[in-house]
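Below are two complexes that have chain A in common, paired first with chain B and then with chain C.
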Partner chain A sequence: MKAADGSVMDYPSTKEEAWRYTPVDEIVSRLAAAATMPATGTSVSRQVVDALAGDHGGPRLVFVNGVYDADLSDHDNVPAGLWCGLADLSHGRAAANVALAGIDWAVDGFLARNHADGHDSAVVVVDPGVRIDVPVHVVHVSAPDNTGERADSATISHPRTIIDVGSGSRIALIQTYCGLDGRAVTNASTTIRVGRHAEVDHCRVQTESTAATHIGHTRIEQEEGSRLRMISVTIGGDIARNAIDVHLHGPDAQTELVGVNVTTGRQRHDTVVTVDHAASRCASTQRFTGVIDDHGRGSFSGEIIVRPGTVATDAHQSNRNLVLSPNAEADTRPWLQILADDVRCTHGATVGRLDDDALFYLRSRGIPLDEARTMLIGAFIRDVTDAIPHPSLRTHVAAIIAASNGMVATDPERMR
Partner chain B sequence: MLHIANLRASIAGKTILNGLDLDIAAGEVHAIMGPNGAGKSTLANVLAGRDGYVVSGEATFEGVDLLALAPEDRAAVGVFLAFQHPVEIPGVGNMYFLRSAVNVVRAKRGLPEIGAMDFLGVAKEHMARLEMDPAFLSRSVNAGFSGGEKKRNEILQMSMLEPRLAILDETDSGLDIDALRIVAQGIERLRSPDRSMLIITHHPRLLDDVRPDYVHVLSGGRIVRSGDHHLAAELEANGYTSTLAAVPA
Partner chain C sequence: MSDVIEALVEREYAFGFHSDLDTDLAPKGLDEDVVRLISAKKGEPEWLLEWRLAAFCHFLTLEEPTWSNVHHPPIDYQDMHYWAAPKPKPQLASLDELDPEIRATFDKLGISLAEQERLSGVAVDAILDSVSVATTFKAKLAEAGVIFCSFSEAVREHPDLVRKYLGSVVGYRDNFFAALNSAVFSDGSFCFIPAGVRCPMELSTYFRINAAQTGQFERTLIVAEEGASVSYLEGCTAPMRDENQLHAAVVELIALDDASIKYSTVQNWYPGDADGKGGIYNFVTKRGRCAGARSKISWTQVETGSAITWKYPSVILQGDDSVGEFYSVAVTTNHQQADTGTKMIHIGRNTRSTILSKGISAGHAQNTYRGLVKILRSATGARNHTRCDSLLIGPECGAHTFPYVEVKNDTAQVEHEASTSKIGEDQLFYCRQRGLTEEDATSMIVNGFCREVFDELPMEYAVEAQALMRVSLEGAVG
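So, the complex of A and B:
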């Protein structure tokens, strides 16, 4: 695979730490066998997008199989200081931000393919000093061809999103990767630059079909005094990898990463996080949670790098797993590279089962076993679901988690 | 109403209940006393349907074989256990939990669901009588509650679920005098001709407020002596060992 600069870039190997738990060969062969769908003629309607991704009140950019769909998108009347659209529009700011994509370099063969073969790139730009109150929603829908001439091969897309948040600005972003039933391969990249003293609230929700393959890479660049909170929800996919790379370039930046994977059937969910403290007085938290049932397998690798010469670093990481069946598996792996002295760093991991005493207590009050389990699973991931700042998204995610896990649907607003 | 015959239970290869017989008629209040480790909580757990015990013998409630039912189905026929050690469940709201439980049990009894507002009103009335701050409804189930608060929360659940057979496992333990009075009044209020109660306690004090029809002594996995409330006073005065020794085998 060639990178943008023409150099050849290989797919990673499972010998590399960050790819240890990912079945790379299987993904590469699925990628090779997948076909690109034509840009027209999908059956995705507004109702389908609303059902799969929800409507959370702000501007919405919708892509189907990697191709922008103007009919499904709403971003004509966006607040002043916000621009969203496609990288290939002849808009000055968008063009500037393709230049910004210089920070969005490919670091492996998957990203190189994303950059080389992607059809449309979503761009969100916030001018300096602007506070946007409504969330910007970028939706990627995979719509595999289950009956047509391409029914034999999975549908591939290479969604790419570039987000540039100016100094002192504030914005909430929602990214949804969802899909219709059937086989799809989504090879996604997202780059977010958080300018000086800017604030970003980012929710990434992946609810593709259970036959889908998902390779996701999110790169976050934070400048001085910036704050980023990311809530990541991984539910869909047969094999799904969710990589998050945070680079803290400027001092006094803060990062809070919160995530959950809900893994069942024969799903494999792989979460790989790196937080690179390259500046002083930055604080980062990684709080990831897995709920793994049936023959599912969930893994978490969390890396903390603290660069030499930095001071007063605060870096925390935790990974908690709830394993619901004897065949389910949770792997967890902290990976610390602390190259400075003045560091406060904690990490911890747990793998546990549902609390039998709590289950009996609930059942003794008449609550049926499946509902009691749902309550306890809901309680286990409450830390993550409660962190979602948009009530409509919170409800949407809770419903999908319930459905995916064969749980009784409960409205999180009622559960508190 | 409750009929227990030759009930045996063991756990981890250890026999704890060893041929226990007990009958409780409708409206009766029975107290069970007995030394630590006698098997009182085991009896309560086995009646409520906790897993992990190997159980044989008979336990029926109004002719229904309790031992064949899942815990939630026992609750539906009216069995309620106030836990000796109520479980903390962080992340599950007390109000949500209580309303779910009330509505599930109501549905099984053919009663309509109670809406959130009506429920809140009823819950607050019960809480006022138990001198509980309504703020407890918005907290997680028992999480961070003091010992006494947990016990009051058990009585609150019992009051709202209106069981037919209430089993109270040391609900009075660890309560101060005021809390004991409130809890005793809560129990006494629930006394009714169609509700039976089994009160496990170490303290005759509770039995002054909730006077039992019968007092039993559980020891070695079976009931070794029964009497009226005077037996509680006798146990208090003489202790288990000499009280039981005074009885011919």
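So, the complex of A and C:
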């Protein structure tokens, strides 16, 4: 595979630590099949986008099978100081960002492929010193046509999103990867640069169909004094990988990563998180949660790297897994690589099932088993869902999790 | 007390002497002839030679693994002696006839064999370079039915037992170093505790590499039959030499129903000098199999020596209700590197394992914990608790934690926690305020940090371990 700069780059192998729990061979063969004979796409209506991704009040860029759809997008209400749109639209900083993003760090064949064969790129640029109150929503819909002779093949898309937040600015972002039923391969790359003392609230929601293949990579560069909060929700995909790479370049930066993956059927979800402390006095936390049911497999690989010469690093990581079926599988790999002594790093990981005593307690108070189960699962992931700052998105995600996990309808007030 | 500490601080690597023994060396290099030579020297039966050759053939197909977090110049497997033994003397009638030079060596090490026999009640099998030199207390053990002897003797006297269990936990196909060891292993200890016997004393092996440019490849095999129990200690030293020496041992433990084996190691191979020159490469495969129901295997290790330590004492929890434990303190200073940890493989129902690892890194050292907890589908009700803490002393060192947890059974309960930090300023301040020097305070805090592991060691080793820590960290503070 050729990278954007022309160098040859191979797909990773499961011998590489970061890909240990990812079924790379399957992804590669699906990618190859989809590339040779892609499925026919189908058009998507505004109602469908609203239902799949929700409407959260701010500007919205919608891409269907990797291609920008102006009719579905809401581009009229862009606040001053914010620019968002397609990379090929002539905006000086947008073009510069596209040129810069990811040339020197396309670390694996998937990213190289994304950069080389990339579809339309979404670009969000925030001027310095601007506070944007409404969330910017970037939606990628995979919409394979399930009829006709190519019904068994998959659509392919290489979505790319580039976000540049200027010094002292504040912005909220929502990225949604969703899809209609059917096969699709999505190979996504996102780059976020958080300028000095800027603040970013980022939600990444992946709810593609359970026949879809999703490879996601998010690279975050943080400068001095910047703050980033990222909430990632992984529900869809037959095979789904969610990689997050955070690089703390400037001192006093703060990062909070929160995530949940919900696995049912034969889904395989793989979350790979790296936080690289290359500057002093930075603080990072990772809180990831997995709910694994049926024959699902949920894997978490987290890594904290503290570079030599940094001081006063504070880094924490936790991964909790709830295993709901005898056939489910959980892997967790919380890693620390510490090359400086002035650190306070902790990590913790747990794997367990629902607490029998808690279930008994609820049932003894007249709550039916399935409802009691729902309450306990809901409580387990509350930490993540409650972290979502936008009420409309919170409701949207809760509903999808409930549906996918065979949760029964409960009084939402009791769930809260 | 402070005199004792003074004495320890003053001491450099105290075991760095080299005894001038007449040594019988095999030519340098490794080929089929060397394997045959070793087997012939030891007068081994045909089946063992064949096993060695099979291992050697398999070894040739393997490549040296590179996944560990340690770095060293390539090892030239042709540039060392695979056999080094003190020149044979006439058969000994008693320990009194042991070569005085060897006696002196062990006296310097603080294990006077005679003293040990009379006073401490610890049976020692001492291994110098490749050959087991003397086994104390044999008669008393034999009375209880316990077999404790050198590996070569076991092959001669108890071939059926050796043949039954050799390679049953760590086969020669297991890994690169296990294959190498299986082909060229020179000697080691064999221990068999028959059903229902509680071993009347602590067993102990002392390993020492003496000759230059040799590798030491010993094998330890411990079998505890139904209801038997044993506590086994292992200690290691080597002289100071500029070149690196390889130590690739294999330890196999087998516990049948209701048996328990406790294996303690104080590893103090020569770590190299302050610039990282010389020292032992300690690449060891240690694994126990809880084959029977309610069996228990417990590893305790204090790793202060070796230029590079690379080992993962593991437990396969096969029997229902079996228990695996791993307690470890690994100290690295100067340019030492350690990549150590454990594997707990849960197969049986209601199997339980505990992992407690304490890593201390100072100077330019790199200290890595790497561990795997695997709960297989059959391991209903399995339980694991893991804690690994790292302490960093100085800005140039590194501490890494690479755990893997893989769970395939929903009834399992697995917890992992870890922390990495430097010595608390407030703790240091508190101690210094009360008149302790920074070094004493550090030593105290470090010993407190390791306390839970030291508590698992047999008493006399716990004292030695604390002293070793003190010596290892000498000069690392301030």
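By definition in this document, the second predicted complex is superposed on the first by the 396 of 416 C-alpha atoms of A that agree within 3 Å, B and C clash if a C-alpha of one lies under 4 Å from a C-alpha of the other, contacts with A are read in each partner's own complex, and residues count from 1 in each chain.
By definition in this document, a residue touches a chain if its C-beta (ideal position, glycine included) is under 8 Å from a C-beta of that chain, and two chains touch if they have at least 3 such contacts.
Everything numeric here is computed off the predicted structure, so don't read it as measured data.
Undergrad: Please indicate which partner A:Thr346 is in contact with in the superposed arrangement: first for chain B, second for chain C, both, or neither.
TA: After superposition on chain A, A:Thr346 lies in contact with chain C alone.
Undergrad: In the superposed arrangement, does A:Val107 touch chain B (first), chain C (second), both or neither?
TA: neither
Undergrad: Just checking: does A:Ala330 make contact with chain B only, chain C only, both, or neither of them? Give me first, second, both or neither.
TA: second
Undergrad: Now for A:Gly309: first (chain B), second (chain C), both, or neither, which partner does it touch?
TA: A:Gly309: touches chain C, not chain B.
Undergrad: Please indicate which partner A:Ile338 is in contact with in the superposed arrangement: first for chain B, second for chain C, both, or neither.
TA: In the superposed model, A:Ile338 contacts chain C only, not chain B.
Undergrad: Is it chain B or chain C that touches the larger share of residues in chain A?
TA: Of the two chains, more chain A residues are contacted by C.
Undergrad: Kindly classify A:Phe380 by the partners it touches after superposition: chain B alone (first), chain C alone (second), both, or neither?
TA: A:Phe380 contacts chain B only, not chain C.
Undergrad: On chain A, what residues does chain B touch that chain C touches as well?
TA: Overlap of chain B and chain C footprints on chain A: empty.
Undergrad: Where on chain C is chain A touching in the complex?
TA: Residues 375, 377, 390, 392-422.
Undergrad: Tell me, which parts of chain B touch chain A in their complex?
TA: Residue positions touching the partner: 48-51, 70-72, 74-76, 80-81, 83, 86-87, 89-93, 96-97, 100-101, 104-105, 108, 116, 138, 140-141, 157, 161.
Undergrad: Using the touch definition from the top, list the residues of chain A that touch chain C in their complex.
TA: Of all residues in chain A, those touching chain C are 308-309, 321, 323-326, 328-353.
Undergrad: So in the complex, the part of chain A that touches chain B is made up of which residues?
TA: 355-358, 360-369, 371-372, 375-376, 378-380, 382-383, 414-416
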